[in-house]
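Please find the structures below.
Next come two complexes built around chain A: one with chain B, the other with chain C.
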Partner chain A sequence: MSSSTTHTSTIGAIGAPSRRNTELALLVFAVVIPLFAYMNVGLAISGELPPGMLGYGLGLGLLAGVAHLVVRKFAPYADPLLLPLATLLNGLGLVVIWRLDQSEKLQQRPNFSEAAPNQLLYSAVGIALFVGVLLLLKDHRVLQRYTYISMVAAIGLLLLPLVPGLGMNVFGARIWIRVGGFSIQPGEFAKIVIAIFFAGYLMVKRDALALASRRFMGLYLPRGRDLGPILVVWAMSILILVFETDLGTSLLFFGMFVVMLYVATERTSWIVFGLLMSGVGAVGVASFEPHVQQRVDAWLDPFNSDVIAQNSDQIAQSLMAFGSGGTLGSGLGQGHSDLIGFAANSDFILATYGEELGLAGVMAVLLIYGLIVERGVRTALAARDPFGKLLAVGLSGAFAIQVFVVAGGVMGLIPLTGMTMPFIAYGGSSVIANWALVGILLRISDTARRPAPSPAPNPDAEMTQVVRP
Partner chain B sequence: MNKPLRRIAIFCGLLVLALLIRDNWLQYVQADNLAEHEMNRRVPIERYAQPRGDIIVDGKAITGSQKVDGDDFKYKRTYKNGPMWSPVTGFASQRIGATQIESIEDRILTGNDDRLFFRRSLDMLTGKKKEGGNVVTTLNADAQKAAYNGLKGRGKGAVAAIDPSTGAILALASTPSYDPSSFAGNTNKEAETFGKLDKDRDKPMLNRALRETYPPGSTFKVVTAAAAMEHGLYTDIDDKTKSPLPWTMPDTTTPLKNEGNIPCKNATLREALRVSCNTVFGKIGSDLGKDKMLETAEKFGFNEEQFVPVRSNASVFPKEMDRPQTALSSIGQFETAATPLQMAMVTSAIANDGTLMEPYMVKELQAPNLDVIEKHSPKEMSEPMSKENAQKLQDMMQTVVNEGTGTAAKIPGVTVGGKTGTAQHGLNNSKNPYAWFISYAKTDSGSPVAVAVVVEDSDASRDDISGGGLAAPIAKDVMKAVLDSKK
Partner chain C sequence: MSELTLTVMRLGFLAVLWLFVIVAVQVIRSDLFGTRVTQRGSRREGGRQQAARQQQQTAPPPQRQQSGGRQRRGAPTKLVVSEGTLTGTTVALQGQTITLGRAHDSTIVLDDDYASSRHARIYPDRDGQWIVEDLGSTNGTYLDRTRLTTPTPVPLGAPIRIGKTVIELRK
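This part shows the complex of A and B:
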C-alpha cells in the first residue's frame, strides 16, 4: 500500500490495493474534526470545554473504529472514502444538534427535549445496521431475490403513515408513524427497499424497455404497454403527494426511478418522459393541493407578510440565517439560527451550518455530499453486474436528489419539502437508513473492486438472457 | 450501462453545482441584504447584546444601559432626562427599533462599525467582550436645559440653536416630549406606552425642531432683506424705500395689511424691520420677483433636506407663484414654511457675516477606549450674502432688539440681534398663531450662538402672542446659557 502510486479509484479492480489504511487515516480526521467543533461550541457558549467531550470523542471514535474494523475484515476492497465522509457528516451533525440543544430559545419551546443524546443513540443503531449489512450481506446480488418482496415492503412502508392511529400529521405532512415512544419516517427506509425493487425489476425488463420502441422525432418512444411501470410509479408518487402531502418523498421516488430507468435502458426518451410527467404531476397537484400551493408561495416570496401569516416565517428565517453567516460565518455556537424555531435541528439544520460556518462551511458540506454521491456512482461504474450497477446508481441518485431537494429548499432554490439532510439532520430514521445505504454501497464497491476472479455466474442474471423477447 | 452512468454522474455534479451557486448567491452576493433585513431579529439582538455605547454631551453621557432578564436582549437603553434630550438622541427600543442618532450611529454604538474591526478582532483574541463606541455631540447642556425648560412652560414648541462660526448645533428641544426610557425594553407594557405616545394627538414623539415646518411669518423678512441687498434693490439700510401705504398687491385689488398702525410709508429697511412692515417687505419680494427671492432662500437652505446627521425636513419656499403670492411668501406667509433648524441656520448665516456653515450635531465618534475614530470638521455650506450686507443686516436686527419688537431678548453687555414673527394659521387665522423669535448674540470674538424659537398653540390669548412676548425670553435664556458656558 505504501509503495502504491495509483490513485484512489474503484475502477481498474484487478490488483487494486485495498486502501483500508487510507480509510483509517481519513477516519482519524473524521473523528478529530467534529471533536474540535464540539470543543469550539462549548468554548463559545459557556467559555469552557463541554463536559461530555471525552465521552463524545470516545463514543464517536469507537463507532468509527468498529465500522472500520468490520469493513477491513468483511469488505476489504470497499471504497475508502464513503465511511470517513459519512462519519464526518454524522459527527458534525451531532455537534450542531448539541449546539442547538444549548439554545435558550429552543429550550423554551413546548415539547423541548435534548436531541443530541438521542441522535448519538440513533447513530450507534445506524452503525450497527451498517455493520449488520456488511456481516449478513455477503453479496449484494442476493438482494435480487427479494425484488417483488421489496416492492410489497416499499408500498407497505409508504402507506404506513396513512394508517389511522399509527400515522401522525405533523405540520401538514403525513410522513411519520409513531411506534412506542418513537416517531419513525418510513419513507427513509422505503428509499432503500424501493431501490432494490427497481434494480431487480429493471434488470429483468431492461431489454424489453430499451429495444421495443418506435422512433419518433429523434426519440425512441416506448410501446404503450412498456409505459406501464413508469405510469405506476408516477401514480404512486402522485398519491404520496396527495395523501401524505409530501413533495420531497414523491420527487425522490420518481426521480430515482427515472434515473434507474435511464441507466437500465440507455434511452434518453425516458428522461424526457420523466421530466414531462413530473412537470404535469407537480403543476397538477400544486394547482389543487393547498399545502403544496402554500409551499410554492412561500418559496416565491418568503418575506411577504401574507405568506408568513399563512405558513410560517421559516424560509425567511432560514435565508436570513444564511445571509447573516456571510463568507466565514459567525463561528460555531455564536449564531442565532434558533430563530428558525420549529425543525431548526432537522429539516433546517443546514441553515445553522450556513450561519455559523458560513459560505465556506456550507460549501465544504455540500462538496462532502457531492463526494459521497460521486463515490456511489463510481461504485456503479465499477460494478460488474447490472443489478449492482442499478442498485448503486439508484441509491446514489436518491441520495443526490434528497440532498438537492432539502438543501435547495432551505436555501430557497426550490420550494421547501419535508425531508432531512442525510447524516447531519436530527432524526433516527434518516441516520439509520442512510448508514444502511452506505453499507450497501460499500458492499457493492467491495464486490466490484475485489481482485478475485469474476464471481460465479448469477442464476438470475442468466434468466434475463432467457426471457429476452 | 456505463455511458448513462457517466451522464448521471455529471447530472449529480450539476445538482451539487446548482446548490453551490445558490449558496454563493445567498451568502456572498445577498449576504448583507439578508443580514440587515428589517425582519432579521439578529440586528436588534446584536444591538442589545452588550451595553450600548453612549451619547455624550459636554463630556457626560446622557444615555446608559441596564441589564435586563429577557430571552433575546441582554441590555436595555436608559436615558438621563429623556424628555429633554429625546430630540437629540431619538430612541433605541428593543421592541420598536431605533431612530435618529441611535439608529444612524448604531454601528458605532454597538461596536459593529468597520472602523472598529481591528479592535474587535484583537478583543476576540484576548477574550474581551465586544464594546460599543461613543457618539460625542456638539450640544450644550446648559443651552438645552434653558431651551427645554423655557418651552415646557409654554405648551408646544421647539428650539434650535447653532454656533454660527462652525454650524455646531447647541440646543435642539421640542415640546411636548416623551421619555425614550419608557419603552426601551421588550415588554408588552412598554409596547403599549409606545402605542399611546404614537397616537397622542399632541404628537410628543414629533421632533419639532427638525421635522415640523411652520410658516415663519415675519422672521422670514430677514431673508427678504438679505435678498433686497444682495440683488442690489436697496444698498443703504437707512435710505428711504419706495413703499407706499396702503400698498395694493400687484395684479390684485387687495391691499397688504400691516399689524396695527405702524410707520411704514417709505420706511427705511432698518425701520421696516424694527416695526415689522408687511407692506415694505411684501413689495420688496414683489419687486425682486420670485426667481431672485427663490435664489436667496435656497442659498439659506430652503427646499432641501438637511442631515445633521439626523434628517431634517426640507423647509419650503414656493417655486411656482404669481406676483401677489410672491409678495405674501416674502413675508413668510402663503406656502412658505420653515423648520426651527432652518430659521436658526438663517440667523447663523447672518451672524457669521454671510457664511452659512453646514449644521451638525455629532462632533466625533469614539472607539470604546475613547480613541477618536471620526471627527467632524466644520464645512461651509453656502454664502447667501456678502460680509458687508450681512453686517448691515446685523445692524438692522440689533435695532429690532434694542428699540423694536424684540426688546425682551436684550442681554446687558452683549450685542444681540433678532427678529420676531407671528405667523397666522388655521382657516381664516382661526387658530392661535405661531410665535417666532430668531436671534443671535455677538461678543468681541464673533457670534457664539444663533437661535430660533417657535411656540405654537399657546393657551395664552391671541393678543399676547407675539414673538417678542412668548418666544424671545426663551431665546434670551438659551443665548445667555451659551454665553455663560463660554466664560
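This part shows the complex of A and C:
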C-alpha cells in the first residue's frame, strides 16, 4: 500500500480491511495498562496487591469488550484507534481517581466519599450511551435534519444552570444543575449538540462566508453583514462568561465556532478575528467580574500570599506537583498531589499525572489526546459529505480545545477554568458526554471508510454510439 | 516493597505507556489508506509534490507507442492528478469506471469552475485499453491538445485536461 507515491493519499483498494482485529489487540493492551497501574499503586501504597484488582480489571475489560463487539457488528469499518485510546484514558483515570481515594489527607476532608466506584458506574453509563449512539444512529447525516432544533437545544442546555432552583453555584461557577440527587454539567452535552448545529449551519452558509470578501493585507476581510453569525456566537459566549462566570465553557464554544468557520471557509481571517474577539471579550469581562478577576490574579501570581489567602492555593499546589514530579515522576501512589485538596481528582487530576508519572507520563497522556484528535480530523478528511466533515472537525476541535483549556489552566499557561480533562477526570457528565462524542466520531469514520459498493455495470456503456455531426 | 521494585515498576509503567503510544502510531502508519476516498494534500504540500513530479517528468517519458495487443505489459495501474487543486491525488485502476466532475458522487470530485457536474469518464474497454469519454461537458475535455469528440484510447502519460485539472495515467 505504501509503495506507490508517498505523501499522497490513494483512492484505492476496494475491500479496505476493516481492522477490527487491530482494534481488539490494542484494546487488550489498553485494558492491561491500567491494570498494571492499579497494581503499581497498590504495591506502592500498602505493599500488597490491591483487593479489587480482579473485579476492576473484569469491569473495565467487560466494558471495553461490549463496546468492541458493538463496533464490530454495527460499525465494522470504523477507525481502529479511537476506542482503544478512549478506553486507555478512561482506565487510567479510574486508577488515578482510586489512588486519590486512598489518600488520608483527602479522606479527612468533609464530604469525602469514594469516587472511583462512582466513576466506574459513570463509565458504564458512558459506554452504554456509546453503544446507544452506534445502534440508533445508523447514518450521521440524519443529524443534519436537526440543525435548528440542535441550536435551540444547545441554548437551552447552556441556560439551564441559570434557572433558579435548578442551577447550582459551585465555587463561583454556575455550570451545574441538580436533578434528583444527581448533579449534571449540561455544558458537556451542549458541546456535542452545538457541534451539530454549527456543522449544519456552516455547510449551508459557507459559500457566502467564504466568497463574498475583499482582500486586505493578505487577509480576506468578510463583508460586514457576514460578520453576523460570529458576532452572535461571540455575544453568547460573553453572556456565558458573565452569567455563569465560566471562562472554559465560553472559550470552548467560541473556539469551536471559529475552528469550524475556518475549516468551512478556508479563510485565515476568521482565526484572526476570533482571536481578537475572544481576547477583547475575556479582558473586558475580567475587568469587572470579580470571580474571573480572581482567576486571573491566581494565574498571574499563584504564589502570592494575598492570592493564596483570598482564593486558594490550588494552582500553587498544582504547579508544585508538576515540578516535584520531574522528568520521570515519583511513581504511582508515591506523590503528594493530594495537597491540592478540593477538585484534586477532577479539574486538577492532570497534576497527579504530572507528579507521579512525571514529564514523560504527562507527555504520553497528552499524546494520546492528540492521537484522538488526529483520528477525528483524519475522519473529517476521509468523510465524503460536507456535513460529516464539519461535524467531525467540530467534535475533535471541541475535544482539543477542552484538553488545552484544562491542561493549560492546571499548568499555569492560561487562567484556570472549571472544566474537566476528558475521560480521566472524575465527573459523570464529562465521561458520559465524551463517550457519546467518540461514538459519533466512530459512526462518521465508519461511513467514511466503508468501501463504496462496486460500481454497477452501466448498461449504456455498451450501447452508446457516438454520432458525429 | 523494596525501593528497587518500585523504581523498576515506575519506569516499566512509563515504558509500557509509551509502547502503547508507539504501537498506536504504527497502526496509523499502516492505515494509510485503504478506502475509496478523494484526499487532497494541503496546497503547499501539493506544490512540493508537483515540483518533485516535474523532476520525474524530465526523465525519459514512458513509451507511448505501445498499442493494440501488447497492452497488458504496459497497462497503466494508476491515475494521477498532476495539476489543479487536487494535485497529488491518485486512483488505483482496477477495471472500474472512473467518473470525473463536480457532482458529489463522482470518483474524482473536481473543484473547478470550468468543470461540468458530470464531465468525463475513464473506463477500460474489453481489451483492457483505457478510454476517456467526454460526457457532453460545457468546456470540453482535452487529450494532449485535441478536444475530445469521441471516446478515445488514452496512451500512458498523455495529459487529459479538464478546466485547470490535468490527469495522467501512469504505470
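Keep in mind that, in the parts below, the second predicted complex is superposed on the first by the 436 of 469 C-alpha atoms of A that agree within 3 Å, B and C clash if a C-alpha of one lies under 4 Å from a C-alpha of the other, contacts with A are read in each partner's own complex, and residues count from 1 in each chain.
The criterion applied here is as follows: contacts are C-beta pairs under 8 Å (C-beta built on N, C-alpha and C of every residue); 3 or more make two chains touch, one makes a residue touch a chain.
Just so you know, these numbers come straight off a predicted model, no measurement behind them.
S.K.: Name the contact category of A:A407: first (chain B only), second (chain C only), both, or neither.
M.R.: First partner only.
S.K.: Under the stated touch criterion, which partner chain does A:L35 make contact with: chain B (first), chain C (second), both, or neither?
M.R.: Neither chain B nor chain C is touched by A:L35.
S.K.: Which partner does A:V296 reach: the first (chain B), the second (chain C), both, or neither?
M.R.: neither
S.K.: In this superposition, which partner touches a larger number of chain A residues, chain B or chain C?
M.R.: Per-residue touch count on chain A favours C.
S.K.: Contact-wise, after the overlay, does A:R19 reach chain B, chain C, both or neither (first, second, both, neither)?
M.R.: The answer is second: A:R19 touches chain C but not chain B.
S.K.: Check whether A:L381 is in contact with chain B, with chain C, with both or with neither, and answer first, second, both or neither.
M.R.: A:L381 sits against chain B and chain C alike.
S.K.: Identify the residues of chain A that lie in both the chain B contact region and the chain C contact region.
M.R.: 358, 367, 374, 381
S.K.: Please name which positions on chain A make contact with chain B in the complex.
M.R.: These residues of chain A touch chain B: 104-105, 108, 259, 262-264, 266, 303, 313, 316, 319-320, 322-327, 336, 339, 354, 358-359, 362-363, 366-367, 369-370, 373-374, 377-378, 380-381, 386, 389-390, 393, 396-397, 400-401, 403-404, 407-408, 411-413.
S.K.: Considering only the defined contacts, which chain A positions touch chain C in the complex?
M.R.: Per the touch definition, chain A meets chain C at residues 1-2, 4-5, 7-14, 16-17, 19, 22, 26, 29-30, 33, 36-37, 40, 43-44, 47, 77, 80-81, 84-85, 88, 328-332, 334, 357-358, 360-361, 364-365, 367-368, 371, 374-375, 381-382, 384-385, 448-452, 454-455, 458, 461, 466, 468.
S.K.: For chain C, which residues count as touching chain A in their complex?
M.R.: 1, 5-7, 9-14, 16-18, 20-21, 23-25, 27-28, 30-39, 41, 45, 49, 78, 80, 88-92, 94, 96-97, 104, 107-108, 123, 149-151
S.K.: Flag every residue of chain B that touches chain A in the complex, lowest number first.
M.R.: Residue list for chain B touching chain A: 1-9, 11-13, 15-16, 18-20, 22-24, 26-28, 30-35, 37, 39-42, 45, 71-72.
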